[in-house]
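Letters are used for the chains, namely A, B, C, D, E, F, G and H, taken in the order the chains are written, and counting of residues starts over at 1 for each.
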Amino acid sequence: MLLEHGTKLVMIGDSITDCGRKHPVGEGLFDALGHGYVSLVNALLASGYPDYRIRVVNMGIGGNTVRDLQERWQSDVLELEPDWVSVMIGINDVWRQFDQPLMRESHVMIKEYEVTLRELVERTLPHVKGLILLSPFYIESNRQDAMRSMMDEYGDVVRRIAEDNNCLFVDTQAAFDSALKHVYSASIALDRVHPSQTGHMIIARALLRALEFDYVRVI
Amino acid sequence: MLLEHGTKLVMIGDSITDCGRKHPVGEGLFDALGHGYVSLVNALLASGYPDYRIRVVNMGIGGNTVRDLQERWQSDVLELEPDWVSVMIGINDVWRQFDQPLMRESHVMIKEYEVTLRELVERTLPHVKGLILLSPFYIESNRQDAMRSMMDEYGDVVRRIAEDNNCLFVDTQAAFDSALKHVYSASIALDRVHPSQTGHMIIARALLRALEFDYVRVI
Amino acid sequence: MLLEHGTKLVMIGDSITDCGRKHPVGEGLFDALGHGYVSLVNALLASGYPDYRIRVVNMGIGGNTVRDLQERWQSDVLELEPDWVSVMIGINDVWRQFDQPLMRESHVMIKEYEVTLRELVERTLPHVKGLILLSPFYIESNRQDAMRSMMDEYGDVVRRIAEDNNCLFVDTQAAFDSALKHVYSASIALDRVHPSQTGHMIIARALLRALEFDYVRVI
Amino acid sequence: MLLEHGTKLVMIGDSITDCGRKHPVGEGLFDALGHGYVSLVNALLASGYPDYRIRVVNMGIGGNTVRDLQERWQSDVLELEPDWVSVMIGINDVWRQFDQPLMRESHVMIKEYEVTLRELVERTLPHVKGLILLSPFYIESNRQDAMRSMMDEYGDVVRRIAEDNNCLFVDTQAAFDSALKHVYSASIALDRVHPSQTGHMIIARALLRALEFDYVRVI
Amino acid sequence: MLLEHGTKLVMIGDSITDCGRKHPVGEGLFDALGHGYVSLVNALLASGYPDYRIRVVNMGIGGNTVRDLQERWQSDVLELEPDWVSVMIGINDVWRQFDQPLMRESHVMIKEYEVTLRELVERTLPHVKGLILLSPFYIESNRQDAMRSMMDEYGDVVRRIAEDNNCLFVDTQAAFDSALKHVYSASIALDRVHPSQTGHMIIARALLRALEFDYVRVI
Amino acid sequence: MLLEHGTKLVMIGDSITDCGRKHPVGEGLFDALGHGYVSLVNALLASGYPDYRIRVVNMGIGGNTVRDLQERWQSDVLELEPDWVSVMIGINDVWRQFDQPLMRESHVMIKEYEVTLRELVERTLPHVKGLILLSPFYIESNRQDAMRSMMDEYGDVVRRIAEDNNCLFVDTQAAFDSALKHVYSASIALDRVHPSQTGHMIIARALLRALEFDYVRVI
Amino acid sequence: MLLEHGTKLVMIGDSITDCGRKHPVGEGLFDALGHGYVSLVNALLASGYPDYRIRVVNMGIGGNTVRDLQERWQSDVLELEPDWVSVMIGINDVWRQFDQPLMRESHVMIKEYEVTLRELVERTLPHVKGLILLSPFYIESNRQDAMRSMMDEYGDVVRRIAEDNNCLFVDTQAAFDSALKHVYSASIALDRVHPSQTGHMIIARALLRALEFDYVRVI
Amino acid sequence: MLLEHGTKLVMIGDSITDCGRKHPVGEGLFDALGHGYVSLVNALLASGYPDYRIRVVNMGIGGNTVRDLQERWQSDVLELEPDWVSVMIGINDVWRQFDQPLMRESHVMIKEYEVTLRELVERTLPHVKGLILLSPFYIESNRQDAMRSMMDEYGDVVRRIAEDNNCLFVDTQAAFDSALKHVYSASIALDRVHPSQTGHMIIARALLRALEFDYVRVI
């Protein structure tokens, strides 16, 4: 597995990451990690790799765009001195263009998205052992759907930034696309954004695969 | 994997099973399965084996002993017409002898426990394709501890009943014992009974292993 | 306008109709009609046709399918002795097939849907002056979407029943399709089902048009 | 219609305008506009003129008099950079003289009312494309009633200010007077001030008429 | 004073009487009498005539019409074996005709009102020492107002029944009319029906005057 | 009556005065005056002397001693520019010596009590038309009771200060003593301090008598 | 000590006994015994005599008089098959005569009190090893106080019944009288009835002394 | 007894001490001392030694370690000017090492624990008449248990500091060990840390014994 013994992993993002975590810092006794994919990643690692003593911290905040991450990056990521960092951002950057189309100041266009995310990645890399970029996703099987199509473009930005900086890339959209071959989107997420426990497990599994876990240990 | 396509799996037990499920029947839209090992088993199956379309129903009720299960077995198991059934019971049967020692009428002694559980198993087997018996557990590493020691005896009863009836047996106690080599019990369950998300994942993984899942599919 | 002076109009359906109405009967002082299209229809009629003294009663119940309507039709429609009745049902009949695909007993297939709705219509017609059938809808612009496509079939059933019985037919799906030419579905309904106030106004306007209202009076 | 494509319309006033809007700014996802006439105007425009993409912002605050508007005009109107502004104020200016007659410091007499409102209008006109002044109202049919009579005088002030500045004037009092020919005031507003959904629709319709909407489009 | 030492006085009516009393019987420790005119009458009698030991029981229920009183008269008046009874009913009988004009089954027309109230009075008189009839009221100074005018007719019915049966009659409408010479109705009751503490004191004083209290004792 | 037309009367004290009033200033629409003797005084004056237009403001705060009054006298009395002021203070000054005898810093001894109250009176007199001093009280008939006996001494201080400064003095203790000839203390106040509505009426009546009201007007 | 090893002690009474216990039976996990003298007796016995394994059950109900005990004696005492029973009743029997003097049907006069309590004692004695009668009390030092004086008479009844039947008698009034030599009643109970934790300890200690506990063991 | 007449005793610690006390200062009317051992000590002293007038103040705060005590020692102990101080700290210092092993910054290692506690003791001794150090405890009978074993080491530190400074030492661990000879830990504390009322009584008794109380007085 790519994570070393004693790794501190800070996971940041929007409401998918937050999922009811403890504030201001998502760590500590029970329920501090929320009940989404962060908690599942922690539970899978802690039960499969108990000897690795990996420390997971959830720093997601609901409604965040990459613009919000930039504002709190210093306090919420760098000052926590992580060994590894994971970032999943972009859903709100896109969604606001579709659910409140007239409030243009709430939209983060793809140019700003790329510049900001790239800056965060480059600022962070010198201080960490590894950085995981998860694509944003939209649990909609029709790739011609306007919002899905734009989400794919934002996902491509994440992939390019990951490649340019040798980060791990987790294609959450591809993971959900596999699931959508078997079930309709509404059974995973009523609004195509906030997943059920099954949907969060899909993210967690994709992330662990990217970390090259040992199948037998994790299950 | 042992479960076939289209299987309906009813999971019954006490508060570890219940874990906030929907009442009277733990099935339906989001959160209906609670947030414990039942939900994790469902999420792991639904994400790893989406094509199997396995239907999980949570029928746990907090505080139940095997005596309570017997009273509601007809309505809460048999009438749901499951293909498979899982049962994890016995923690309260033992715990009451230790946390309220003077209320003897609340204690389910090992003899009654065995007779009752055996009767439930035998009554059910003709109607189902498979039955999974999970041992009760106590997340305490000292096997000489009085309550741990009694829990082990109840667990042995479950193992014997499983063997006598060719049921699957899941040794949850052994699974927790492995974890306790690495961490102290309080980090999994403050009261040594109600587990954290990591503890529930330990149960879920043990159960899936008993079902002979395919590693690559589940993670 | 088709409604006569003094008409009593009972409007029945699911959560789109209910929308927070008073129970058991959705009539009386403020907020008794809920805050969805029923309330808007009432407000538009009461402000535009105050002299008509049209009495609107909301009998929607969240989660209902046509099977539920059948069970309560006698008490919730016929015994209220309406002059006109409106029915919008079918969304849950379809949705359950997509959001909880494994719980087959909760699905109302198209055959049962048609037979049941037709029976309700035929049973009611001898007792009323008019009957309005609103199609169910799915606020999704992609007609190849599996759930949209099935919803269109259920909508066709409604249209046929309306035609066969000389009922008014309100094509709510067509009304939403017009809106979707200008905005993305998420700005009307996050889950493509429960509309914003704008979405409810779209339903209300379609219904009033079917009633051949006088433009100048209503606005 | 007088509003152009892409117009941003800020609507300010007292509790009739506020009606449960989101604070500090009444815009965003569902329910942010409250559930009064502002929300109805938005729903009628968004459903009738979806191609116009008109952006409505609700800045009402319950209990406000024109004195309160003056204090927050810079931050709550001008800094939002609206294209159009609507103002409905004066009910509390008058009401306080009747419901708490001894607290004279809470009364805004007609002179102060006129001077303040006129100043707000003149300060705003250079920055906007249009300004809509709605009269305050009292849902009481007896024009000799002391409070109705004073409200009419305040309404006349609004009309004069509108005429002097070429603003649109919406005579909400006249709209309610029409309704009162058919129903008693208590069926629209128990306290003759806070209207039912029907009463809010009366305001919304009067406002849209002043904006010279196209009948066929709006309904 | 007309009430004798040791009198038990049961006071029945609608929400003006109820005013938050204890249910099912409005008697007992603190707050059991509610906080309206019943509590004030009790406080004035208990502080002014402590030696009389008069026992007051509040049996008002919000929303009641005379039709509702009739249904519960046996259990809520006669079975309590009062020495004296006071009744104030009729506001809702009239109000429903104005605030929900289309729900005709909720209207108690003047004929039914008179017949029912007269029957209650006649049935009660043989069992009590005295009966006090309070007129219903509407805190509106304009006697041509439609609802005021109808309320006056219902009040005349009460007066006639009182005269025909030698009951005490309390003209609450006249008492409020005196107050309205000095203040506007909104300062006593925002909806012209539910009075402030001052309004309840006006009722209490009118009732005590009818009972021929001794000025010096009561204040 | 001693109060003139247009008088503004500020009433200050502890929890007996406060009684659920609106904060920070106990004036305005319904319930702003609380539900104790202040509200009763206001209701009796407003219903009996409506033409006097007397404005009552409640500035009581629960738990206050004279030490607390001194701290807030400037803002809570003088800056409100009253014509008349009433003060009832001292119960907590005494009570704390009996219910928390060991917390000596919470006791206000009689010397400090007298000096502080005298200072407040002298500071206020030049600015008002009249000042009413109500004695503190203890609803206990046994004058040898330790707390009653001390309360009487504090009451004597109030009487002396009133006499020395020509203030009105209201002997609330004497008023309660009269009542206690007829009933036991527990029927007026369970803790002998916080009165029932009847107890508050006893205070209100004593206060009005001191103001030389006209019997016929007040009832 | 008088209680033998393995004793089951049922303690019944009014709100002083109840004190927030679990209903319907005051036994089980944490807080089931409430937080009054019953819980203290249990804690002193369980910590001082752990080897005796004494089982305490709290069956108090707030507001009860001896009349209420009689109604539930069969189900709430006898059917629990206690070895010992304690009874503290009578406070409400007396208090109601003082706090609601006019509601005579709520008063339990001394004759009925004695007959009823004596009947309960005689009915119970054949079935138990021991019976403890605690006097009712009133935390008022003045023995001439009307309610204290009557409470003493009721206490004498309890003493006589205890003597006549060889029951243990606990003079709680005497215990409180000792305390009142040092502190004022308000520091133990604001209403002279419901004690602070210190007051409950006074009852618990008196009860343990009657049971002839061993000083060194209990503390 | 070691405490003199008039002693002020400040008791500080973590959640075992706090137990629902009033904040910011745990003193005053009912419930201000919480419902744990502090309240029991106070109740036993106040009922057994009422003439000593000992004043107890609870300054515990849940979750505190000795590091937290140090930060608030000046304001929460010294500035209260106690005569005696009791300290029970260390449970969280140890527990965090076991329940959140990866958050090392939350662990207070034994060296820091000793240095900090010693500093607090030495800083305090010149200002007080006596200082009571209670050992931290873990209600687990197996002394080889990892957390119990570490707790014992922390307890030894407390004992040494007490001996070096002539403070009273209360061995709460020994007191619980005696109880565990008779019952299993779960009947005293589900998480082996937060005791039942019986467990708090065990602490209270141990503390009183250290203070050399007089048996006959305390019970």
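The definition used in the following text is that a contact is a pair of C-beta atoms (placed from the backbone, for glycine too) under 8 Å apart; a residue touches a chain by one contact, two chains touch by 3 or more.
Note that the coordinates shown come from a computational prediction; the quantities given were computed from them, not determined experimentally.
Two chain pairs, A-C and A-H, are compared here, and A-C has more C-beta pairs in contact (counted per touch definition above).
Listed options F-G, B-G or A-C contain a single repeat of the D-F interface, assigned here to B-G, on the basis that more than half of the contact pairs agree by residue number. Centroid to centroid, with C-alpha atoms defining each point, subunit B and subunit D lie 62 Å apart. With centres set at the average Cα position, the gap from subunit C to subunit E is 45 Å. Rounded to whole angstrom, the centroid-to-centroid distance between subunit G and subunit H, based on C-alpha atoms, equals 32 Å.
The set of subunit C residues that touch two or more partner chains comprises 53, 99-101, 183, 190. Across the interface of their complex, subunit B is touched by residues 95, 98-101, 142, 144-147, 183-184, 186-187, 190-191 of subunit H.
The touching residues of subunit A, counted against subunit H in their complex, run 27-29, 53-55.
Those residues of subunit D that touch subunit C in the complex are listed here as 30, 33, 35, 39-40, 42-44, 46-48, 50-51, 53, 178-179, 181-183, 190, 196-198, 200-202, 205, 208-209, 213, 215-216, 218-219. Those residues of subunit E whose C-beta lies close enough to touch subunit C in the complex are 99-103.
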